[in-house]
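Mind having a look at this structure? Questions to follow.
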Amino acid sequence: MLKPLGDRVVLKLIEQEQRTESGIVLPDTAKEKPQQGEVVAVGSGRILDNGQRVELEVKVGDKVIFSKYAGTEVKVDGEEYLIVNERDILAIL
Amino acid sequence: MLKPLGDRVVLKLIEQEQRTESGIVLPDTAKEKPQQGEVVAVGSGRILDNGQRVELEVKVGDKVIFSKYAGTEVKVDGEEYLIVNERDILAIL
Amino acid sequence: MLKPLGDRVVLKLIEQEQRTESGIVLPDTAKEKPQQGEVVAVGSGRILDNGQRVELEVKVGDKVIFSKYAGTEVKVDGEEYLIVNERDILAIL
Amino acid sequence: MLKPLGDRVVLKLIEQEQRTESGIVLPDTAKEKPQQGEVVAVGSGRILDNGQRVELEVKVGDKVIFSKYAGTEVKVDGEEYLIVNERDILAIL
Amino acid sequence: MLKPLGDRVVLKLIEQEQRTESGIVLPDTAKEKPQQGEVVAVGSGRILDNGQRVELEVKVGDKVIFSKYAGTEVKVDGEEYLIVNERDILAIL
Amino acid sequence: MLKPLGDRVVLKLIEQEQRTESGIVLPDTAKEKPQQGEVVAVGSGRILDNGQRVELEVKVGDKVIFSKYAGTEVKVDGEEYLIVNERDILAIL
Amino acid sequence: MLKPLGDRVVLKLIEQEQRTESGIVLPDTAKEKPQQGEVVAVGSGRILDNGQRVELEVKVGDKVIFSKYAGTEVKVDGEEYLIVNERDILAIL
């Protein structure tokens, strides 16, 4: 599996046509790219200027909304993933 | 519901034609996009370089004015929300 | 009333044709936009990297000169206000 | 009078044709805008990330050279002033 | 051999047509440039503002995915290497 | 004389045709502007975020090489000077 | 000789046609400018925000690879040198 570095997160994309339990549908202007994902791996966190490591707020299994165009796509065993920075994640569903 | 990350805030938009109690009407040049909202969820705050977490100044229920074009729109159960950074919120009404 | 966030300030605009007591008149090149205002509300200040909150230098009632094009206009009860960052305020009259 | 904020300085412009005592004349390429001024008011200084306030290096009465195009012009009682950041002041004469 | 400076990493490129054990295949849009590599040398780490040195998260032998267009190519003894900043490495495989 | 502020330095330009003792000649591509100077005044240094003042590395009398296009020219008593930031000084001869 | 300031390094260029002992040859796309050099002088290091001085990682005599287009060329006694920031040095050979 993928082990993201720093404050990066690996997401499994949730397709637009899969309505979530809470019934979220993204607006038309967001249709070109999925904006929802499930967290499948999280990095070790980022390091502050005082040397302290800040753990991520999201954890594996969280369903999240992230910024369009954020991240980098990779394919593992035919499955697409997106690696994003945590700062590109807007909210947990 | 949506749980915003960091210093993000989830707003329920207040339409332009709904005059608020205090009678605020936005100028004509601001008509393309609503600039008022009600806070429905707040993030856990941002982390300073010394590791200290700073809570948000706004709280759930606050009516706020925010910068035009700020934030990202999402739809939950047919209702539109806007996720913004607290720094895009100018003032509490 | 408006309660500005952080190091923001709410200004009531002073029209160009209202000569101030000290007789200040702005140069011709500044005529498109007012550059003077009276402080009607101040934010709670900005937070330094060490967690310390710095109060604003301006206080309610101060007459100030601010950068052209700075800030965001809002209308409350038919009266126009400008919300600016304190760093856009150049001087107190 | 004008009380500048932070690390700002109010300058009274010294016209190009007024040769200073030390005989400084600015080069031809600088003719469009004056580059010399006399300090008439200084701000309270800037605040470091550790909360410490740093006083300005220039004081009232100093004759200074400042960067062309720096600052904002204002007119008080028919007299033109320039409000600049101290970092736009290159040297004291 | 190459000893990278600071938070830099020397990678041996893994060609697109070499399927990895975990079966990762990069998407079509990534075909112009390889995105996988094996770490062959790591720098001494970066230095924080408090003087502390932060060691790299990746170590020699790690297989990594890195940002397209990141880094600088060099050839040693006919073998191509890429020197990248650790922040351009997205994840360990 | 000129007393530069902060980490600024006043240089007396050394013309291209004046070969230095060590025989340095700048390459043809540098001919439009002089790149050598002698330090005639130094500022009080820059202030770190912890409030500490860092003195300049160059001192009066040093012959230095500085970046082309850096600094601002001034004329004092018919003599041209250049005021530069110390960070635009590359090396001491 | 040249004494570089801060975290700068003086390099003696190693021409492309001089194959190094380790047999490194730079790729064709790098032919316009040399990318290898030998360190002939190093600065006193850079100063962190806490006042601590960080010595350079490279030392006199090191053979290094540096970023194309980095640095400034100077000629001393007919010999060309390049003054670069240490951050433009990618690796030691």
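For clarity, chains are labelled A, B, C, D, E, F and G in written order, and residue numbers in each chain start from 1.
Convention: a residue touches a chain if its C-beta (ideal position, glycine included) is under 8 Å from a C-beta of that chain, and two chains touch if they have at least 3 such contacts.
Heads up on the chains, UniProt names are A, B, C, D, E, F, G = Co-chaperonin GroES.
Keep in mind that this is a model prediction, so the values were computed, not measured.
Where chain B touches chain C, the two copies mostly use different residue numbers: shared numbers make up under half of all numbers in play.
One simple way to say how far apart two chains are is to compare their mean CA positions; for chain D and chain G this gives 40 Å. Centre-to-centre separation of chain B and chain F, using mean CA positions: 50 Å. Counting partners per residue, chain D has 49-50 as the residues that reach two or more other chains. Under the stated contact rule, the graph of chain-to-chain touches is a ring, a single cycle where every chain has exactly two partners. Neighbouring chains touch in a ring; in the direction leading from chain E to chain G, they appear as E, G, F, D, C, B, A. The part of chain D that touches chain F in the complex is made up of residues 22-27, 29-30, 35, 48-50, 52, 54, 57-58, 65, 67-68, 86-87, 89-93. Put simply, chain F touches chain D in their complex at residues 1-6, 8, 10, 41, 44, 47, 49-51, 72-78, 80, 83.
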